[in-house]
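Shared between the two complexes below is chain A, which has chain B as its partner in the first and chain C in the second.
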Partner chain A sequence: MLAVLGVAIAAAMLLDMVMLATGMRESFRELLVSRGYDIRLAPKGTLPFDTDATIPGVSAIIATLRSNPDVREISPVLGGSIHISARDRDVSASIIGINPTVQGDYELLSGRDVVSSDAIGANDYLLAKLGARLGDTLAVATGYDPQTRTYSGQRRLVLAGRVKFLYGAAEQAGAVVKRETLEAMNPDRTDRASLFMVRVRKGANPDSVRSWIETRIPNVTAISIATAIAEVDFRLSYFRQLAFILGAVSLFVGFLLVTTLVTVSVNERAGEIAVMRAIGVSRAHVVQQVVLEGVAISLAGAILGLGLGLVTARYLNAILSAFPGLPMAIDFFLFQAKAAWAAMGLLIAAGIGAGIYPAWRAASLPIAESLRREAIA
Partner chain B sequence: MIVSLSDVRRDYPIGADRVHALQGVSLEVEQGDYMAIVGPSGCGKSTLLNLIGVIDHPTSGTVTIAGKRVDAMSDREATLFRLHNIGFVFQRFYLMPILSALENVALPMAEAKVPATERSTRAAELLTYVGLGARLNHRPSEMSGGEQQRVAIARALSNRPALLLADEPTGELDAKTGTEIIALFQRLNADGTTIVVVTHDEDLANAARHKVHMRDGRIVDG
Partner chain C sequence: MLLALLPVALLLQASAPLQIQPRTIAVDEAFASKAHLHVGDRVTISSRAGAAADSAETAIVGAIVRRGADPSEVARGDFVARMHLDQIQRLSGYGDRVDRFAIGTRSATDIDSTLARLNHVAFGFRAYRSRDIAVETSRTFQVVSRFHRAIGVITIVASSVFLLCIMVLKVDERRRDIAALRLMGISRSSVVQSIVIEAALVAVLGSLLGVVIAWAASLFINWHYQALYRTPLHFSVITPPIVALAVGLSLVLGVGAGLLASLRLVRTAPLALFGR
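The block that comes next holds the complex of A and B.
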């Protein structure tokens, strides 16, 4: 039982590494495609919300984008930070200004969307920090001087809705207003956007549209889902290499463990095997039995390891997902049936391989010599 | 003649030396005989039995079993020959612990590709013959030593071998159970089975029709 547990731990590690190798990429892809936007436009040389940089000339860019018949929907997003005075203390949060009819940044959980210019939506973390409820009026400012404790760009907004940001990090207080509202609170950012999200016509090639955008709007970097995933792949290559190495080590450890177990078992049963051969059991049958033993240990370990791997992956995922600045929706360990089957298949293949050496030993046992040794023992 | 050995020698290398386990043994066993091979430890009894049982090859000399030269058979030929012609009983029973008595007895028949229904019927008959008709579905761990040896004897008879070989079959049994196994061997021989046993047990040796004494790798009497 302890031996099977050892194989199960190796199997769990292998499964976790397979999940880690593909998890972040897949969950990032799922996040990108979840709201149907195919292309993101960020200030030239940056990734969305990588910096505070903004793209000027929102109206002109929208007009240019609309001239392409393959562009179906455009959602400009202006990002920034806000300060809210609550119970004689300053509460800061990030904020986005959007057009609520075409947005792909948040889900409305309760209340109303930010359709009016005096409405604000907040996530649960901000609501908790403020101790506010829907319907409350908040004094929201885009600037705050801690020396003089004075606010700038302040405006009274009604808390209209409770929202969940798709790209929000854990414990990140966030709010949303109409883009026009945020521009009015911060005139320096009028007609500017931090990000454009573009949906293309069904059947159109997003990468062709992306190329077209980059030639027509030189001050932006256009990122399709494919290029975003390629960028993520590049940035996460360390994780994948680590996962590959640890996965390979786990597989090798599992292989050695099964080989050792079956070899010990064959040595212990040398007399039994010799008697089986003496009564006419063929070498092929002995090989088959020993290889099956390796497969059975691997299979039992794989089944146990599947459960163990899922539990540890969930625990590790909770730790890693709490890293500051990472969207909560990103999973490091993503369970995919195909990947799990691949890991289990690898382990069972290793089990077959692990049985070959002890099977060869068992089939090669000299019958008379083994019986003599058993008799002396 | 079911067993015929002519000037058989068997040497083993031990380090740089060679041990001469058998030094020119010639022996014949007739069909229906019951022969006991006796002698002190290390005299070559078990080596001789292994050569008769085709699980070892002589260094020189010829071994003929049931009319067939077996001394130079390949492993594959020897395995098939043992399966169909020789039954083995050992001091330790070596039954498969996860199989029932019936399944253990049926094992050599399965290897010989006997149909499943025929296997079960014959295994049940054999177990009944050795007095275990009520223990067909018991596992070895649920049986006494004497019962396990009876299952091993039934297993040895499953493919209707021409020859039953036994190496110290009473070695691990108490006196009472040993006596029961001796009686079973006598009954088997009376029913036509040719038996060769290697033993230190005087009662078992005295129950045989012929005794062959060995010393220092040679037959000295018989």
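The block that comes next holds the complex of A and C.
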């Protein structure tokens, strides 16, 4: 029982590490493709919303992009920060200005979208901080100057909708308005955007469109889903490598444990095996039995380890979800059937491998000597 | 933030000689390596990518510096250029403004009172202890630390079960020797004692070997990740308390496993151990 528990823990660890190695990339990819935008344009040398930098000339960029027949839809996004006076305190939040007909940044949970220039949408975290409800009018200010404690733009906006930001972190107060509204509140940001999202025509190659954009618009960095995933891969390569190393160690420990168990079992049953061989049982049959024993232990451990692995994955995922600025939708440990099958397959392969040495020992036992030793014992 | 605002487009300059001696800047090693910059090179600096020449200025690379260890920047891969304050204020259009002041006090005991005095008279700013800011910017590493601790606990549980299994099996494999010893008149306590001592010895030797392997792995991990993320940060550190914990835990588990297995065997009749 202790041995099966040992194999189960190794299997759980292996499953977790397979989930970690593949999960975050898959989770990030799912997030990027969820709204169908294939390319993101950020200020040159930056990633989307990595800095406060913006791209000037939104109208000109849209006109340039429209000249490419492979570009189907363009969604410019302007980011910023706001201060909302609520009762006796000021609440700070990040805000995006979008075009509601082509936006790909949030889901509307309730209420209506920000279709009018006096409408604002907020996520649950901001609503809780404000203690506000849909229909309330909020005094929203931008361009806070801490030295003079003044704002460059102030407006009264009606809380129209409750939204969930796809790329928002867990404890991040966020709001959304029409891009024109945010521009009007930030005169120095007129005709500027923090990000463009571009959807390409079905059948078109996003990478060739991306290259075309970079040659036509020199002050942007065009990021396709593949390049974004490559960047995330680099930033989080530590976790993938850790997953690979710990997964390999788990597999090796499982292998070693099964080998030890089956070897001890063969040693214990040396007499029994010698008798079987003496009455005509073939070597192949003995090998088969011993290998099957290893596979059975691995399988029992793997089944037990599956449940254990899912519980520990959930716990570890909760720890890593606290990464500052990490979108809520990103999971480090994502359960995928293929990951579970991969872990199970690896463990069974290790079980077969683990049975080879004891099976060879069992098959090559000297029959007469083993019987004599058994009789003396 | 000021530096982050400046996605400094440094372009090797091939323009006409300037009337005024250009100012110097310092760039970090990674930046110098990527842009093939050397001390003495002339560069054109702008706060905007692809900006026209009239909004850019020329500078000379005066130094190539190694960046300090900063956990908050570890995986970002940003490049850093350091400039004179007035130079960056002019270039970014920031005017006579700064993002922060760093203040040194005469003695450590002055910090609290200085902080209180500054915040009392503050207008448009707030003073913090450097330590508090460091804690805030280390949140990424705090999460990683918590993750490592959790993985460590799982690994310890897995190793413990593994060690217990191996010890129990190892002792069980010798049941005939033990039966022979018992039949020869060796007392139960002597048998238990000898097995426990052997188990403790194996556990200590195994854990010492583990420490050596861990030390080699730690060297490799630091070498690899320092090169990958271009940082002097240490990713793996083996401290005496960690070694003591590993050896101590291994010893406890070894002794426990030896005791468990030997007690089970000495309580069984010697002939039964022989299979009779």
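Simple rule for what comes next: the second predicted complex is superposed on the first by the 358 of 377 C-alpha atoms of A that agree within 3 Å, B and C clash if a C-alpha of one lies under 4 Å from a C-alpha of the other, contacts with A are read in each partner's own complex, and residues count from 1 in each chain.
Methods note: a contact is a pair of C-beta atoms (placed from the backbone, for glycine too) under 8 Å apart; a residue touches a chain by one contact, two chains touch by 3 or more.
As the structure is a computational prediction, the values presented were derived from the model and not from experiment.
Shared-chain residue A:V177: touches no atom of chain B or chain C.
Contact with neither chain B nor chain C is seen for A:I330 once the two complexes are overlaid on the shared chain. In the superposition on chain A, no contact is made by A:A343 with either chain B or chain C.
In the superposition on chain A, no contact is made by A:A160 with either chain B or chain C. Of the two partner chains placed by the overlay, only chain C lies in contact with A:A10; chain B stays clear of it. Once the two structures are overlaid, the count of chain A residues touched is higher for C than for its counterpart among chain B and chain C. Once the two complexes are laid over each other on the shared chain, residue contacts for A:R277 go to chain B alone; chain C is not touched.
In the superposed pair of complexes, A:R235 makes contact with chain C only, with no contact to chain B.
Of the two partner chains placed by the overlay, only chain B lies in contact with A:H285; chain C stays clear of it. In the superposition on chain A, the residues of chain A contacted by chain B and by chain C do not overlap at all. Note for the complex: chain B touches chain A at residues 46-47, 50, 53, 55-56, 75-76, 79-80, 82-84, 86-88, 90-92, 94, 96, 107-108, 111-112, 155-156, 159, 167-168. Within the complex, the chain C residues that touch chain A are 1, 4-5, 7, 9, 48-50, 75-77, 123-125, 139-140, 143, 146-147, 150-151, 154-155, 157-158, 161-162, 164-166, 168-169, 172-173, 176, 225, 228, 235, 274-275. In the complex of the two chains, the chain A residues touching chain C come out as 2-3, 5-6, 9-10, 12-13, 43-46, 51-53, 145-149, 218-219, 234-238, 242, 246, 250, 253, 256-257, 260-261, 264, 267, 312, 315-316, 319-320, 322-324, 377. Residue ranges of chain A in contact with chain B, taken from their complex: 271-272, 275-283, 285, 367-368, 371-372, 374-375.
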